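Starting off with a structure, shown below.
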Amino acid sequence: DEFPDSISVLFFAKAREAVGAAERKVFVKRGCRVSDLVRDLIVDYPPLKAILSCCVVALNQEFVEEGKDPILQPKDEIAIIPPVSGG
Amino acid sequence: MAGKTTVLLTNEFLETKALIDSAKDPECGAVSVFLGTTRDNFDGKKVVRLEYEAYEAMAIRQIHKICERIRERWSVRHIIVAHRLGNVPVCEESVVIVISSAHRKESLEAVEYAIDTIKAIATIWKKEVYESDAPQWKQNAE
Amino acid sequence: MAGKTTVLLTNEFLETKALIDSAKDPECGAVSVFLGTTRDNFDGKKVVRLEYEAYEAMAIRQIHKICERIRERWSVRHIIVAHRLGNVPVCEESVVIVISSAHRKESLEAVEYAIDTIKAIATIWKKEVYESDAPQWKQNAE
Amino acid sequence: DEFPDSISVLFFAKAREAVGAAERKVFVKRGCRVSDLVRDLIVDYPPLKAILSCCVVALNQEFVEEGKDPILQPKDEIAIIPPVSGG
């Protein structure tokens, strides 16, 4: 039972290079959590595995707090965030 | 003493003078400024340029929130934060923060808080490009 | 990382951009700046301009000593201190302090120390000239 | 027994306005201390009296430390320093 709309997954910096793209549209099942999506991403993009331990995830432009694992909603925007280095 | 808050991510050269002038105010006796510039070396390696990228929508939201927190803690007038993206050559500004206030203590402290917090959380990344080694994504110290 | 120390008292308009540019350095990732500007009001009185005078030889010696103390405490590259004398209209700079350093913490702290110490001891005086009240010599708070 | 050369006394801000001049040359006797000179200045420029309590004295471009009262030397430069207000 998939959502009718795809979810945007954005990749930046190291993660973008690992995936080879800045954005992927993925279809997920109802009830799918952020951690489920991340697990699927590693299967699709094995080079992500080595760097995910130092990345965090943003959901709709807010960091997902440690210990939380929200259920994805239609039109959510997910981003894989490597350690930042602005300034 | 609420004033304007300007948050800007741009691929263009940062016009530091114009940014500073835009924070000046007849009610303010102090303008504090921080410029982050590209260094020519890291760990003995010669740096040619930095390449910046950002999760722009999120970074802009984050920086606006930082500005709100500044206004809760310090009485400041105008807050200007500009971050350059793309290639930044040596000696050019990657970030310009300008804050004006009636008295100096407020804007001095607020500028330090702003750059510390932006470096800690804003979704912006830089890759250091060296003369002879492979480029490297950086990571800000905690 | 010793660099140049420039201390300047002048009756001319302070060219902030040129002063900032003169502190930039390929070895520095940070330039911290403080600008003191003339406010248009004090205690509800409308300020037209400030008039500055200095015991110039002594002030220059004092500021050079402050710069030496900065170099003892912080690793900074270039230190530029410029103070305008004579008439300074509203919104224009009376003092510009620019310090560059490899990392941001050093120049941010050094700029705050510089302006605090200069205001506390440097033999410079300002008279506030009001629109309708008698002009008044100011006194910096302790 | 006066020094052959005069000593420069400089006045700034409020003190300059009280005296009506930025500089005066004064002749002092051998052994004259800073406090003696200041006492003479008040006699010569009575408006100084009201503001001297909040002024300090500089000798050769160094503040005279509290509790010190140096003997003047030929060619010394003395300055009357009201509360500073730079910046």
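Brief remarks follow.
Order of writing sets the labels: A, B, C and D. Residues in every chain begin at 1.
In this section, a residue touches a chain if its C-beta (ideal position, glycine included) is under 8 Å from a C-beta of that chain, and two chains touch if they have at least 3 such contacts.
Small disclaimer: the values here were computed from a predicted structure and weren't measured.
Per-chain Cα centroids separate subunit A from subunit C by 49 Å.
Taking each chain's centre as the mean of its C-alpha atoms, subunit A lies 27 Å from subunit B. Centre-to-centre, using mean CA coordinates, subunit B is 22 Å away from subunit C.
Counting only residues that touch two or more partner chains, subunit C has 36, 104, 115.
Residue positions of subunit D with contacts to 2 or more other chains are 87. Taken as a contact graph, with one node per protein chain and an edge wherever two chains touch, the assembly forms an open path, each chain linked only to its neighbours along a line.
Every pair of chains meeting the contact definition is listed here: A-B, B-C, C-D. Touching subunit B in their complex are the following residues of subunit A: 10, 12-14, 16, 58, 61-62, 79, 81-87. Per the touch definition, subunit C reaches subunit D in the complex via residues 36, 52-55, 57-59, 61, 83, 94-95, 115, 118-127, 137-140.
Chain contact summary for the complex, subunit C toward subunit B: residues 16-17, 20, 24-41, 90-91, 100, 102, 104, 108, 111-112, 115.
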